[in-house]
Amino acid sequence: MIEMQDVWKEYANGTHALNGISVHITKGEFVYVVGPSGAGKSTFIKLMYREERPTRGHIFVNGFNIERLKNRKIPYLRRSIGVVFQDFKLLPRLTAGENVAYALEVISTPHRHIRKRVKEVMELVGLGDKLDVLPNQLSGGEQQRVAVARALVNNPSVIIADEPTGNLDPENSWGIMKLFQRINDRGTTIVMATHNKDIVNTIRKRVIAIENGKIVRDESKGMYGYDN
Amino acid sequence: MIEMQDVWKEYANGTHALNGISVHITKGEFVYVVGPSGAGKSTFIKLMYREERPTRGHIFVNGFNIERLKNRKIPYLRRSIGVVFQDFKLLPRLTAGENVAYALEVISTPHRHIRKRVKEVMELVGLGDKLDVLPNQLSGGEQQRVAVARALVNNPSVIIADEPTGNLDPENSWGIMKLFQRINDRGTTIVMATHNKDIVNTIRKRVIAIENGKIVRDESKGMYGYDN
Amino acid sequence: MIINSLSRHFKEGAKNLIRNGWMSFAAFSAVVVTLAIVGVSLLVALNVQQMSKYVANQLEVSAYLQQNLSNAEGQKIEMQVENIPGVKSVVLETKQQGLKQLETELGPQYGDLLKGLGTNPLPVTLIVKADNPRDTLQVANNLKTIPQIASVNDGAEYVRPLFRVLDIVRNIGAVLLLAMFLTAVFLISNTIRIAIFSRRREIEIMRLVGATNGFIRMPFLVESTLIGVFGGAVPAVALDFLYQYLYQISGGYFYGIHFPLISVNWFVIKVTVALLVLGFVLGFWGGFMSVRKFLRI
Amino acid sequence: MIINSLSRHFKEGAKNLIRNGWMSFAAFSAVVVTLAIVGVSLLVALNVQQMSKYVANQLEVSAYLQQNLSNAEGQKIEMQVENIPGVKSVVLETKQQGLKQLETELGPQYGDLLKGLGTNPLPVTLIVKADNPRDTLQVANNLKTIPQIASVNDGAEYVRPLFRVLDIVRNIGAVLLLAMFLTAVFLISNTIRIAIFSRRREIEIMRLVGATNGFIRMPFLVESTLIGVFGGAVPAVALDFLYQYLYQISGGYFYGIHFPLISVNWFVIKVTVALLVLGFVLGFWGGFMSVRKFLRI
């Protein structure tokens, strides 16, 4: 499902973000990506949906060969992946509901389905009453939950979430985690970068720890590690 | 130092964010503001540096009467407060170092002092090597630490931090907390909205819990509460 | 399906137009002002062209018959000349008319000079116009080959500079009009580009959530095309009214001088169509180019 | 302290200019194109003005003396006329010169008519120019009061329409130039506004971290003023060279016709100064207005 073979990433300004990453994530897995700030977690994730291109190495996601992928095929890769971006990336001119609907519109879902599905997902993340509000009128945590809703809405086969609970209180965080777990139970692969020690240590899943752009630990049913 | 008397806030779209808040924070206090997502923590904080205006009630901060404050006096209020914004609010065209320096430039600090002080603060937050990098080339946690650095740099008498550790791994989070504590020990008032249960329960300080725009709990040496 | 998605793009485009508020208005007003200038240039150019034609149509050749030919004989030659290809009209001026005219031309000061004459020394004169004013000299040369015609006043020393001036005016006018046009193209697409530039982050997000370039582009195209069309309609309507008003107060003549202006209907159609088409094309094209730029990122 | 902060604002402004790259360039090129149009309009307007003056200066009044006065007596009257206020120059045309000229004017066709005359019937003629061409008719009336002058040809039927046309041309030219100018003002400040609009979030952040409005505004002002000045300098230099070239190939005359063009030096100064000042003012003003707008938020 997701395969990386000796992947390196050097940014244009010379930063070496990833230094030889090899990983294999099979369909239906639930993977935490942990590591200190600036370790390369987001970069690792951005390579999967081709926001960034690797400097070296091979990447395969959902049957797409990321290296060879033509520009005009990229949207089809991205539709098969639901992404919760670390900085949310909501469209500022669309309401919360429209933002979620957008992910359905791009795949030409009929109108009446969109309305129903958007309402449903927004309720799942606890924002049934914020459908018509613009992003800049939402609290930080509310924005984050809209981003989660958008990632789920079109039932992608992979969900990639970059720090999806960073702006959420524990209760909402657990809510999101339960959602992820339910989706995962239905066979959806989930990759989630997180700093939330409680979550990682409670809902025990595979843990990939990245430090300085290298995988320093890869354990199924792992712990957050990093004691202090 | 910070005083709110029966403060209400209704946003233009009709959302009642705060419903009668009264609070008194004395000089040198360290206060956590906790509560679920959308409870009104950020609104509570935004009123202090007058990003938002209350619908009703009186607010006094550092001797400024927020209600009566003339538009052209606002910068002077804000210079006496260091703010870590929930969404960082870094200037996208300035490098990390320039962003931090900006807070010193507005108070006409001489050049040579600026360079030295910026380097010093950036090292305190662990970003001594990222001075010349633009915000969009930083990781989420790095951006957050730049925002912290900018809030500290001009030694304000109050520091207001909205979720300053949301994008940080535990180690960096503790680093920031130690910094805050050191600054607080020197007499700086600190108000910090947070979802980080570990931190609140470990570094025990006054806790103000907000729910639905009301203060539901206000304890010195409090706990995060909200068990699950 | 396609209709469904077309209507979606149209709705999104119109919605964006409104939500962008200030920015849409700024771009719109830039289009209005720029196309108003193009419209005024067009107005001036069309009327100058009309005037050139009018002036050229005044051109005529005077053919003086042999002095011994009578008015009646002149009429035969008149018919002959009428059949020469390229001749539009011939007017015969009798010996008597000629004398009379000379008297008026000389004025009271010199008029007395003519009183001393015995017989009328003036020849019968044919005043000839060419089908195409530019062929005037050609026609004059043809007339010279007729033996009964003693001399021809082709006004060459007058015709050549006239056409030179008309050519200059036309060329300069064309260059200026083209310059105006290119400027409008540039300014409008530039404005739309700047407006879309400020939304490149949005475009980036759309790509990140799986929108194809076509899907992203369509609402922007609708938006910028609407700006262009509305921006063309305003000066079109305004200029129509303005011109109608000017035409009325001037009585259809250029400020009481001899040149007839282009009639309102004709002008109305040309300007309205030109500005609307320009607005449409520039809005569409400007939007197309700028979105493409940010879709490549 | 103030110098320190001024130099800071200037450095920041210049830095922003460069970091904004594409956007700066788009605004800059809009200024270049707009001011180029203003410059060309200025070029045309100055030369049309020059031509009007030139045409008006050709105006003259012919005063015919009593027929019995000799050339010598005419010279006395010439001196008398020269002293009339408002008279610029008087040229005396003798009886013999008058006859000669009439011959040429009539041409070979009618020239024979004059051969039959015994004595020269023509009067001595004074050709008078007014200091100010617009006073031509006034001067003609003054001449009429001199008893030795039999009649005056003031060309009234020619002078009035001429000034009418010149006035029309001048008025239309002035209106168009003003329109061009206002358009330039609008388009340039509009462009700068759109460019700054896309940075309103930055301005908001600056306010949130304690910058005063003045502190925020200065670098933007520097930036937009630089865009204006550079944007004015390019068309100024380009038009100077272009005009110099056109002047040279045309030999200083309008395309071989009789009108002298404005000399290069004079033009160079006017246009360069006008465009630079315009660029400066519009850049500054546009920046000022738009930043103010977003500082109010």
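Some points to look at:
Each chain carries a letter (A, B, C and D) given by its place in the written order, and its residues are counted from 1.
The rule is short, and it goes like this: a contact is a pair of C-beta atoms (placed from the backbone, for glycine too) under 8 Å apart; a residue touches a chain by one contact, two chains touch by 3 or more.
According to UniProt, the chain labels map to these proteins: A, B = Cell division ATP-binding protein FtsE; C, D = Cell division protein FtsX.
On a predicted model such as this, the values are computed, not experimentally measured, just so you know.
Chain centres here are means of the Cα atoms, and by that rule the chain farthest away from subunit D is A.
Work out the mean CA point of subunit C and of subunit D, and you get 25 Å between them. Note: centroid distance subunit A to subunit D, computed from Cα atoms, is 67 Å.
Averaging C-alpha coordinates per chain places the centre of subunit B 62 Å away from that of subunit D.
The residues of subunit A never reach two or more other chains; the list is empty.
Annotation for subunit C: no residues touch 2 or more other chains. Taken as a graph of touching chains, this assembly is arranged as a ring, one closed cycle with exactly two partners per chain. Every pair of chains meeting the contact definition is listed here: A-B, A-C, B-D, C-D.
Chain contact summary for the complex, subunit D toward subunit B: residues 1, 4-5, 8, 16, 19-20, 202, 205-213, 215. Of all the residues in subunit A, the ones that touch subunit B in their complex are 11, 13, 15, 34-38, 41-42, 86-87, 133, 137-142, 144-145, 162-163, 166-174, 195, 197-198, 224, 226, 228. The residues of subunit C lying in touch with subunit D in their complex are 22-23, 26-27, 29-30, 33-34, 36-37, 40, 64, 102, 109-110, 112-114, 116-117, 121, 151, 153, 161, 164-165, 168, 176, 179-180, 183, 186-187, 190-191, 193-195, 197-198, 254-257. Across the interface of their complex, subunit D is touched by residues 49, 51, 72, 74-76, 78-79, 83, 85, 89-93, 102-103, 105-108, 110-111, 150 of subunit B.
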